[in-house]
Amino acid sequence: MPLDETARGVYVIAPTPFHEDGRIDLASTDRMTDFFLQEAGADGMTILGVMGEAPKLDAAESLDITQRIIRRAGKAGIIVGVSAPGFAAMRALARGAMEAGAAGVMIAPPSTLRTDDQIVTYFKQAVEAIGADIPWVLQDYPLLFTVQMTPGVIRRIVQELPSCVMLKHEDWPGLEKISALRGFQADGSMRPISILCGNGGLFLDFETERGADGAMTGYAFPDMLAELVKLSRAGERDRAHDLFDAHLPLIRYEQQFGVGLAVRKYVLRRRGVIASDAQRKPGSTLGAKARAEVEYLLSRLARHDARAKLAPAG
Amino acid sequence: MPLDETARGVYVIAPTPFHEDGRIDLASTDRMTDFFLQEAGADGMTILGVMGEAPKLDAAESLDITQRIIRRAGKAGIIVGVSAPGFAAMRALARGAMEAGAAGVMIAPPSTLRTDDQIVTYFKQAVEAIGADIPWVLQDYPLLFTVQMTPGVIRRIVQELPSCVMLKHEDWPGLEKISALRGFQADGSMRPISILCGNGGLFLDFETERGADGAMTGYAFPDMLAELVKLSRAGERDRAHDLFDAHLPLIRYEQQFGVGLAVRKYVLRRRGVIASDAQRKPGSTLGAKARAEVEYLLSRLARHDARAKLAPAG
Amino acid sequence: MPLDETARGVYVIAPTPFHEDGRIDLASTDRMTDFFLQEAGADGMTILGVMGEAPKLDAAESLDITQRIIRRAGKAGIIVGVSAPGFAAMRALARGAMEAGAAGVMIAPPSTLRTDDQIVTYFKQAVEAIGADIPWVLQDYPLLFTVQMTPGVIRRIVQELPSCVMLKHEDWPGLEKISALRGFQADGSMRPISILCGNGGLFLDFETERGADGAMTGYAFPDMLAELVKLSRAGERDRAHDLFDAHLPLIRYEQQFGVGLAVRKYVLRRRGVIASDAQRKPGSTLGAKARAEVEYLLSRLARHDARAKLAPAG
Amino acid sequence: MPLDETARGVYVIAPTPFHEDGRIDLASTDRMTDFFLQEAGADGMTILGVMGEAPKLDAAESLDITQRIIRRAGKAGIIVGVSAPGFAAMRALARGAMEAGAAGVMIAPPSTLRTDDQIVTYFKQAVEAIGADIPWVLQDYPLLFTVQMTPGVIRRIVQELPSCVMLKHEDWPGLEKISALRGFQADGSMRPISILCGNGGLFLDFETERGADGAMTGYAFPDMLAELVKLSRAGERDRAHDLFDAHLPLIRYEQQFGVGLAVRKYVLRRRGVIASDAQRKPGSTLGAKARAEVEYLLSRLARHDARAKLAPAG
């Protein structure tokens, strides 16, 4: 089912599981997919994202893993990152992903864009390249891409390009931006879109209250994210914040550039989701001090959330 | 007493209190100084920092408030930010600050620096400009300045410039950097320096454990920072983290670019430290939603820390 | 006489003459002022520019040299650069410059500006700070400042801020921008402004043909620039290009970041305008190979332009 | 024959010829290859460069055109740009290019690199990815990539990675860098490498005198570049500069970001090398004023160089 503006809940940014020797770990990929979508309560997954290890896969591997995850996912929506240095590659990735059964694609702006017009023009050209029939997610991540899109620019993109159905919101700070965009919808100047939030979930407690529809991020406890979104939607404010606050020390620790993926894979391995936390070269690893810090954070979290109660590290 | 490498504890990054009409609020400045240094247990203050409202002060105002705070501070050390677009202005600020009784000055790298040699050369020239007799703090804040200093480059600066006595550490991620620098000291390749951490305190719980001497940041509860540093130094790990975790939701909220100062002044006003949270133009303000979120965070914090139990907002 | 939108011709970006020991060379300053304005046919000068050595002057020196040049300049218009990290300093510089008799001031955007709205807002705040009565020049130099202003954004600034009377145009490429702005004037959507071009004059041959009013740059033969602008205005296209092409090898050589000022001062010294090509520390110098290259370029230029026929280098 | 450190002369950065409807123009591709290598006297070509239209080709098209040009080129060396967002894609491109018969590949640093160590590490990882048996060109283009490599860093790369055989030098300013690198060779601290210069040839007159082995750039008169390099090598200094100076007004005009490719294709079409100056979408075009300016520059050049004497534009 194609992605549309009614999407909500949690779309997990999925890492790529590898064996220690650098081969893709297919069994872990399957288990991870099942875990995210069956056990953790996620509504979908986003794969081949710009911050993950997708650039370390060659074209055949990318297509293989995309197809495998989509097949395994069943009815859940899989979004495929198609940002590329040129529109020809973007088109090939996008058409290939949709043929494989993806729900939609995600596009980030190249870091050279500066003016409002440059930004809008880029996304018009991208849609012309991939085709107006593919639903897509606009990724707004100024801290990484150094491209700043005002609410007004996002509105121009949404209004001029009907196939844009979702915003991956990870501006920082970003709470007022959510309010501004929802205000545009309320005053009728922008059609509705889905807003899912990134940034490792660091502000998700308030983002849902501001009108976000959920999360698209990769925190190692996506089950908590899904629960938080439901509590918030049910108006259980205090319970939502209690849950969030218990996880915040670890969320914050995982939200470190470069180190973050190593932490995420480490915790996913400790939770039994993937077999190894190896990264394909060139990758980062956690030193002994960092591993001990993560274990300490897990042990503290376990006092509040049984999911963090893990067998001793091997 | 001049700043040296034994400095530890908390040096509060001080905001500038204004009246609603934009004039400097001298009474609040005095009260804030007393609060930070007498009540909150801070060891010093850092003023005229690059992220505060110092650039909105004219030269006479800057000198006035520097002198006033230094007089009021008594024996506590006052560090004065002297980053400037040119060395002539930097020299004038630094000599003026020291004559007024400052303990030392702080210098940030200009955002144009890229290569290792450019960075080292800049600080050599800066020391030549201000004079080798003034103790100074090296500010390492890549997220803001876009200048990346490896541990090796910091070691070169420390070894070649004896008047550099402190690092204001706010790289992100930064825990391994602290370990690397303390490792240099341990293996004898770098002389000891003081390391105080910024970034709003977002990682202070682990930074102290990695070997940092304390904090130099502006969180609205510097009394908590001081307590945390003491607990950590006393080996009270769990108590330190319990205290930190209770504050983390607000620390995280205050650590938003641009918005942060508005939150900080709002909370300091609510705590009775300053009379108004006005910023001199052009400034940011908290909208109604943001104010309500801060109040909610304070009410939740108050369950764990009585200092956050405040009279209802007026 | 205050600067207005009818300004045309050449405003020389003036270097600061120093003695070998770093003191300001007042006699050379006077001689340089006379040379630019009496002999070379320039219509004005721009001082304390962001790329010169202004940041190496302390506040008293800046004011002194500003007053001295303005007195010496007589009726010619002196524009003073007032870009500063904060509005308080900008206001102080601007008011001081105008009291000293400046014709106007020049403001560059800080490198942090990204979106169209941020840019327009910044200049509104700047005008609010310095006062709407001071005529000012908008400096558009994306290569240096990394701020990109579209023609539409420049139009917004011009229309919303009547005290903006001139554009220092140094976008690169920039010919179409001049045409776009003059098109706005032609269709009545923008009021007239003066456009003077920078970039070392590298495109001045065509910029005047596109509608620029002249040059504001620092090439060591401002007399050539003045002559070129006159030829172009008189419709002597081929003669203008012949003159320009003869100088282009040297213009191009001088238009090298960092090295440029050393070349400029070297040639001005060789022409007898200033006594020394010393830069105040930290400065750049020409190595032996570079000096020989400049001499070779001068000797080749001398075949076409007698002004380049100089006594052998000492 | 694989590329090595003895390479000299001119390697033309080749554009991709398109039909008006966006299809690759194979006949023009052949004619262009013949022209560059047979008539213009170039020693090789560089294809799929980062500034050309390579990102607009899909993978199959890239491989097709690479194979076609290599077959057509005969013994001349073809260098293939393999810069990519990830090492898997870089490896695939590099192995594919070498299998097709390329002489070597070219790698540019990603714009996120800052510190000396990051830069050296990146190229080590790249060589590990593509294999140490593939000769490669280090592209040093700070203005575009915002990565600054000091001569010392280049030396580290050259010394640690024997398969690096050439530097594409386009730092700006860059003359002293050539001298520094040749100095390293002279003092024995760096093994010899080939240095070919880019930047549209804007400084080629002096770059050859500083020790560069030639040019790797895309100016529309590569025959002039080849002649210049020969004159310079033969010690015909004045004749080399006479030739260069005649072309400089056009070289300078072509050296405009974004516009440059449109100028280049326009002139190549006017010279009969390619059938159309169309760019695949999204592309830039020359407006009427710009075309007239180029025609005027060609007519002026024709007084000195008969190759610029062209039939009237159609």
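So that you can tell them apart, the chains are marked A, B, C and D in the order they are listed, and the count of residues begins at 1 in each.
Going forward, a contact is a pair of C-beta atoms (placed from the backbone, for glycine too) under 8 Å apart; a residue touches a chain by one contact, two chains touch by 3 or more.
These numbers come from a predicted model, not from an experiment.
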Joint neighbours of subunit D and subunit C, given as chain labels: A, B
Remotest chain, subunit D as reference, centres from CA atoms: B
Chain centre separation in whole Å, for subunit D relative to subunit A (CA means): 39
Between subunit A and subunit C, centroid-to-centroid distance (C-alpha), Å: 49
For subunit A, residues that touch 2 or more chains besides their own: none
Residue ranges of subunit A in contact with subunit B within the complex: 172-173, 175-176, 179, 202-203, 205-206, 209-210, 241, 244-245, 248-249, 252-253, 256-259, 287, 289-290, 293, 296, 300
Touching residues (chain side subunit C, partner subunit B) in the complex: 54-59, 61, 84-89, 91-92, 111, 121, 125, 128, 281-282
Subunit C-touching residues of subunit A, taken from the complex the two chains share: 114-118, 147-150, 152-153
